[in-house]
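Below are structures written as structure tokens.
There are two complexes below, and they share chain A, which is joined by chain B in the first and by chain C in the second.
== the complex of A and B ==
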């Protein structure tokens, strides 16, 4: 007995509600990547810009003391910093420039593998087009229009900027006596029930009662006992009854 | 199997795998630690698939998914020896790539060298034409640079031997910057690359025509012929790579535009890799050979011609053997 008509749609049929990006791996499992939007990416870029500015300033002060030889060296370093800063960090630091690292972002290929030389060089050289005509206009337009927030360089290089997720704390299930479900549950229904129990602490008591009340009738309990019953079933799904 | 039992049975494995990942991510894992990695990763993937198929709770699945993602990142890392790869690319891969992309390279070369030659001839025949392209101050500074009486030549005029470093840096910065711009702006449907090719062709042509016409030809040509072999070819190749990007957008064939662009970019960025090497060579030649005045112009012409021959035969002939050098 389905709890919700939407639940009967398979995952393939209904597009995800969030922006998560699904990649199937050779091992036959799906990886879920969370592409980062415009604002965190812009912030990461601003931090990198600041770091580069400070680096260049320090370099000119130190190398300026060495005269012409130092200036030649400084020009080469300027070139390295303008064109290669991002590439070197992305390739050697697992897709993270310092700015991205601070904001918890990383660059990966479209298939979820770590970014390599060719892709990193492409996306950073094509930055030159993204900044046209001024202040990253083309890049911003492309980023806002793309479902995975790619700028033009990302589209050409086949790369994504994704969040590095951190694991949330283990949720504690509300106390209840473990119960068997009164009828067979399909997988999505089972996940929904467990989700309700796991996320109970983040909802208000009224909202929990309201949500549980939807199921009072199929569970054949009064409305006020529905929540307790659901938690019991969730416990029963997790452990021994 | 209920979730609790599943978790308690495998918790130890997951913790061990997470520790292994931590070590790998910080780059501090020794080979002993990595031994069981592939098997542990496969086992984790299987456990994730099981957990999903059995409808276990979101928290557990998310935890496993994250471990799988981190494992995937480490497992599929590209760690080929860069040196050997680079050598193989330079010995055979790059010229083969240039020949495979001959259409774009040909168009870019025609635009660049064509505009250069035509503009050079025009300025030589109608000297006042140069002032419609270059302003008078710049023309004057050009004339001063290539004045036959100067002790040293090139963009830094009067200078000492210690300045070669400064020039080397400047040339690398300037020329590779131009090449990168020429390539990247190809994304604007190829128009940007065409513009930069045409613009640089016209400028260089105008300056060459003007200097030859006022009688500074010997100093100018003996200066540019050596590094020009690398520099001009590299700009033309960068333009060709840019045109390939633009063409993928204009005529994607039976692919979507995004997919066509991605494939074209993968190839053209390798062209750019070769261009960078050519330009570093050019900067080296320009700073340490072209600017020296101790060699007679005839020697410089001979060396320059040899360099042109070298570059062209490299691009046309290298890497044609039956077996690619590894």
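== the complex of A and C ==
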């Protein structure tokens, strides 16, 4: 089957697809942000919508008892809940409205700094553009088409919805005698070795042996001992705990 | 399948991130995916419309029901594109009949309503499993991430609806006003059964268009979710790095062997490079740069250093100002409160509480709040005034309010007194008198007078840091040719005399004095 040479060329040019977004600080440090896509954002929005709906319903029931005065208050509160709910939560709660909090998302500036008043107001006022012509059509299309999953409000305000980084759990390594690696390892390879040891429990026994067998020759050990040897090196890399 | 060929970054991700990767993957191959989907579904929809022209509802229902069948094509394209073997449109369409064969009936009947449809499809289509093996595999894969797959389907349903409504309302918005007038909602509702069939078919077509955009994304998201699950289950990322490491290490071993062989073959040759001569370092003064030098002459290094420091200590190199402010005097030692004072204070407090009780009525509270609000307003105004004080200052200048008075021009230049009072009434006359006996004093007087006039009449911002040539440049900026030529001539001869001790030619006296009279004497001194 003949391969399209143009397609092959372009593939060689473009880097592998990844969901990470790289921000370089002035100090030359790369921050890795993980922008959140349409599905979690839609779910977070649905949760927020539900909360707001319930809030308004409760308010109307309570304030309805107060007659016209109550309705006046309710109108003011309706304005606040509609236009300020997201802004206030985002600015005062580290970029997290309740829905985003549940889904593990937060809003930040493009450079990874916490979102401020101007950006938050812009992105939430421009919801109106995203809603056009009905039911967030433009927002959905923009979100699907943008490499960092931004809707139009995000593009205008220079903000990004990212996954929050959670503290990783302390890994448990299989018991093995700590060993020095017989060859130099770069960071990626060290991580892979540690990952092999840490995730051993979630891999099947055969798969573990298969993976370890790849490195049996450079380690100069028989295939059966390779796994144990790799676990030992991982322990050595981890250091005393 | 070779992992090193994968066009996505392989690492274990969270389920949501895996879905996001699917969006990116669909975006990269968007053209092919949309085109192939449209080429398959639009003819089918047209066919269904023709067959079921009178029942548009049934037509779109049948089209919707067949969705799992169309989804196999995008998955085929994505699976091949993942490892760099992107098929062309023609190849993809040719492969479609073969893709439809396995388990189509099951997909279209009892598995039609599975919420994890997109996640399960790769097991069927790419792994080719069926029956017991398939269900076991699904159980293993579905231990994690199946929730995300269900949510994907739920969100997808709502997105389809939202996009469809969006397109419908866009269509409605774009109707010309004349047509819109004829359509009332009621007639639309009444005519639902009758002559508005084409309108219903049109809205069905909009749904088909929405699916062209969304379905490839849906399939891609399910596919990447499946990939992510397998990455976690089988350690694909680990395998990838291990393979690269192995290649590096074994490659290095071969290279070493080869290198050793080459080294042994070649006999060492003598080194021919010349010896590097050392560059001589400057001799260091043992006393250091700060030590006193040139002690046997009038201007020793210490004296020079001293005068340099003095110069650097004066303006314009040093800016000093004296600030005078009011402040509280010395704190008096706090006197012990006497018995009387204490009792007085207690009484006062008691009175205050009584007063507070008395005030405990609405009016007092209202008054308090009023005062508070007024205070807040005043404070705000003051704050705004302070905040924009510079802006106000600019504005006040426009209105002609008194400005800060300009600092008086300096009265001494190059050590010469330049106040008008220090000059004689008739400068030119005095110069003419002095010229014969004391040419130095005469020229100096003329130069001083010129500087004084420049300061007072022309308001040149001269100060003691200006040199003669800088003064000349400032004069040229005034763009008065007569004045500047006079100043140039005078400055030249003054410099010749003052620094070079060269006497000016005698005929110069006449020209300079005449020029002076013409330039300055017919004017009234300000």
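By definition in this document, the second predicted complex is superposed on the first by the 214 of 241 C-alpha atoms of A that agree within 3 Å, B and C clash if a C-alpha of one lies under 4 Å from a C-alpha of the other, contacts with A are read in each partner's own complex, and residues count from 1 in each chain.
Here is the rule we go by: a residue touches a chain if its C-beta (ideal position, glycine included) is under 8 Å from a C-beta of that chain, and two chains touch if they have at least 3 such contacts.
Just so it is clear, the model here is predicted, and its values are computed rather than measured.
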Check your understanding: Counting only touches as set out at the top, which of chain B and chain C does A:152 meet: first, second, both, neither?
Key -> first
Exercise for review: Kindly classify A:195 by the partners it touches after superposition: chain B alone (first), chain C alone (second), both, or neither?
Suggested key: both
Exercise for review: Go through the superposed model and pick first if A:31 touches only chain B, second if only chain C, both, or neither.
Suggested key: first
Check your understanding: Does the superposition put A:39 against chain B (first), chain C (second), both, or neither?
Key -> second
Practice item. In the overlay, answer first, second, both or neither for which of chain B and chain C A:206 touches. Key: neither
Check your understanding: Hey, what residues of chain A end up touching chain B and chain C alike?
Key -> 185, 188, 191, 195
Point to revise | Touching residues (chain side chain A, partner chain B) in the complex | key: 25, 27-29, 31-33, 67-69, 71-76, 78-79, 83, 94, 108, 112-114, 116-119, 121-122, 125-129, 132, 152, 155-158, 165, 167-168, 170-171, 185, 187-188, 190-191, 194-195, 198, 237-240
Review point. For chain B, which residues are in contact with chain A within the complex?
Key: 2-5, 25, 41-42, 45-46, 48-49, 53-59, 62-63, 65-66, 68-69, 72-73, 76-78, 82, 160, 162-170, 172-173, 176-177, 180-181, 183-185, 187-188, 192, 245, 258, 261-262, 264-266, 269-270, 272-273
**Study point:** Interfacial residue positions of chain A with respect to chain C in the complex
**Key:** 1, 3-4, 7-8, 11, 14, 16-20, 34-40, 42-43, 103-104, 133-138, 140-141, 144-145, 147, 149, 163, 183, 185, 188-189, 191-192, 195-196, 199, 202-203, 207, 211, 214-215, 217-218
Check your understanding: Which residues, counting only chain C, touch chain A once they are in their complex?
Key -> 6-9, 13-14, 16-17, 19-21, 23-25, 27-28, 84-86, 88, 91, 148, 151-152, 155, 158-159, 161-163, 165-170, 173, 213, 217, 221, 232-235, 237-239, 241-246, 249-250, 253
